[in-house]
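These are the structures, in structure tokens.
Same chain, two partners: chain A is paired with chain B first, then with chain C.
Now for the complex of A and B:
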């Protein structure tokens, strides 16, 4: 585990330098966050137009807690191929997973920061106040949502890296699926029964339900813990899948030549 | 005694993406390399050198045959093989250009299980060894091609590997750096490491290799010592001269050891191909005696030597 963490740390360093190519603190605040807030405000204002406080809060939670979630990480899974380091990572005596997790996870920290900032600004703008405890629990669940989504992006990234040219499309697809099916904009019950089953196997869905329970009236600790527990389980499921396929796909690339794809 | 590198009938066929056509990159390669030997792999672009190195370094699987590193099969005992090898690919790719040279080596040291307490000293030693100590804290993005190549070398050495694969390692190096590289290879050999080095450069092969394997179109043509390879090249030396006189051309053609005299760029410029290096003197004497003043000699490229070889010896190893 210490060995994996050591590699993860260097992978994270590479990721942090990737991040710095895209953003500095000025462009992150003035560019990225403005874009995110604009998007969130449009949706939340639609909730206000509907004239229902309940719908307004539903959209606020959905869009603020998932602000920026899922972006860039899937594409980052292919960046080692672009650098020409992928095959070198594969043939090192270590698993490729910690290196990949490190490089990709910097974007997860960006999601957490984006969601925190958005949550505070939106709740201030719409004068929705919470207790300190509710705020702390909400922020913790936001972190959980970002981590579980990250595990999904690693799995999708591993698949996308088999066809690196469509990595950005896969990245957008992840965002689309989360926004459409995980209870961000419409309740999961909106979708057909079979699709609801799929929705509950995705990250975010249980986490958002947990936040809505925390911020709703008459919060029920058992129900909240149940949703948090389910979100954790879903996260472990995606983590397990991603750990299972990352090295296998890399090794399979030795046979079919996809290890050399750029 | 177990060979450091051994291949029997190794081949690799690529399936072209989206097409039924298959491309054969390597055929029936048999190599035996002793521990501590520096073996060159010479061949033109597309000859199969890099494919062979990739198979031996576990990047690619062979589609035919068997390859072992110190008796460990590259297909079935991949983990054992990976613990014994280091690889250096030439060119700009394969480095994290957003990291510094020191960070790069520390990262690869972690990936190769170098204990944390040993990493600092080993990285410092390597940076000194490849001449990057003064630039150790600069990011790779600002490095020249030669500096990147030095860092590639250091990265390949970070694991203290028993077997090193150097794929075109002097690409981008200036002559002084290339000379330093040759010294480094000799040092590595003196430490008992086995090295397989691919190159286009005959001088480099001659300087560092114990033996050289010639490869073309995926097939191994011959295994020679650098001295016999140099002899082979000199036999195919050629002379270019300017003269429009048919009598001069005829007298050159009559010199023993001349294979052909062909007109180039019209009737004025001619090229003399020799089959015997000893004929050079006779050709030059004939041209000077005929009053020809524009004369130059050149050696054929490696690819041209291959053409001669295939013509002379077929595909026999």
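Now for the complex of A and C:
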């Protein structure tokens, strides 16, 4: 475990270099946050178009809590293959997982920051105020949503790294699926029954439900804890799956000689 | 005229007749088509972007406002054309530079501006796929058949939008090619343009201090024209609005040509034309 944490730390340092290639603090605040905030406002204004304060709040919570969540990480899973360092990681005595988790997870910290800033600004813009406790619990659940989504992106990223050309497509699909099906834009109950089952197995769905309970009228602690518990459970499920497949996929590349083919 | 627009070191240029110009435009478009469809990073985007119609349609249908489906289609279409312009079109110069072909292209007798505009227009036109895909999503995923009440207006609006997007991409391509990281800028510009342009929700719903900027964004005119083509009501001021959309395109192309000329001059002067 100690070794795994050390490798994770070095992976994170590599990830920090990746992050710095895209953003410095000025471009992150002025460029990235500009993109995220304007995108959130584009969707939230639908509530105003529909003339419904309830819809406006629904979209506001959904899009602000998931602002930027899911971006970049899936693509980052393939960067070792493109850099030529993947085969070195595979032949090293350790599992590839901590290195991969480290390099990818820098984006997760970026999601947390994006969602926090967006939540703050959108609440101010629409003059929606919450109690200190509700705000603190909401922010904690946002962190949980980011972590569970990160585990999903590791699993999807592992699949995408088999064919790195589709990495950006997979990354886009992850964010689209979250936006469409996980209760961000419409309640999960809107979708057909079979799709709802899939939605409940995805991250974000339960976490967002918990946030809506926290920010809604007459918050019920048991119901909130139940949704948080389910989100944690879903997160562990995706963590388990990702740990199961990252090394297998890497080994498959070594076995059939495709490890250096991109 | 074109030579003046792109600036640069004057050299012996053949006078192009119309058939030669058409041949060059055709060959350039064909080359761009080959480059585009060979690059899965680029052609997959054109099929991914319209999927956002799924989200917009879900919100509208859930709210019992399937009659506003035209808004979802307009947004999906403009998201796709915008993405093609800002992401794919804007990368053309940076791509030429990194593949070491910019020196050859600028040394050729054909002005680089003509080559670039042809390529960005082709890429923007590919974005029209977004319309077909989002229409199919509305029809088959939600059972909402979106009727085009004014097909000629739609055709005119799409044509003018493609022109404006392609022409604006000349400007962004020139600007982005000098940036340290093209992706950073690509990620930053589209959101504000979509918001100001009222791509999904009309600009009338924006705060007053923000919507005064909207008419300067070509998406504003494009979105209102495309939306009107889905509405049963008779559209008004069509000539003026189409003119404003095309006018913003021309302005983008002229400023783009000037910036491109300055940029190429600068790179030649510094001897960095071939350095990416």
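Definition applied: the second predicted complex is superposed on the first by the 262 of 262 C-alpha atoms of A that agree within 3 Å, B and C clash if a C-alpha of one lies under 4 Å from a C-alpha of the other, contacts with A are read in each partner's own complex, and residues count from 1 in each chain.
Note that in this section contacts are C-beta pairs under 8 Å (C-beta built on N, C-alpha and C of every residue); 3 or more make two chains touch, one makes a residue touch a chain.
Since we're looking at a predicted model, the values are computed, not measured.
When the two structures are aligned on the shared chain, A:186 is found in touch with chain C, with no touch to chain B.
Counted by residues of chain A touched, the larger count belongs to C, out of chain B and chain C.
Once the two complexes are laid over each other on the shared chain, residue contacts for A:22 go to chain C alone; chain B is not touched.
Of the two partner chains placed around the shared chain by superposition, chain B is the only one that A:93 touches, whereas chain C remains out of contact. By the document's definition of touching, of the two partners only chain B reaches A:14; chain C does not. In the superposition on chain A, A:1 contacts neither chain B nor chain C.
Legend: residue contacts after superposition of the two complexes on their common chain; A:43 is shown touching chain C, with no touch to chain B.
Look at A:32: by the touch rule set out above, it reaches chain C but stays clear of chain B. With the contact threshold set out at the top, residues 21 of chain A are in contact with chain B in one structure and with chain C in the other. The touching residues of chain C, when paired with chain A in their complex, are 40-41, 44-45, 48, 51-52, 54-56, 58-60, 62-63, 65, 68, 71, 181, 183-185, 187-188, 190-192, 194-195, 199-202, 205-206. For chain B in complex with chain A, the touching residues are 14-15, 54, 57-61, 79, 82-83, 85, 87, 89, 91-99, 103, 106-108, 110-113, 116, 159.
On the side of chain A, the complex with chain C involves touching residues 21-23, 27, 30-32, 34-39, 41-43, 45-46, 48-50, 52, 55, 59, 165-166, 168-169, 172-173, 176, 179-180, 185-187, 190.
On chain A, the positions that touch chain B within their shared complex are 3, 6-7, 10, 13-14, 17-18, 20-21, 83-85, 87-94, 99, 254-257, 259-260.
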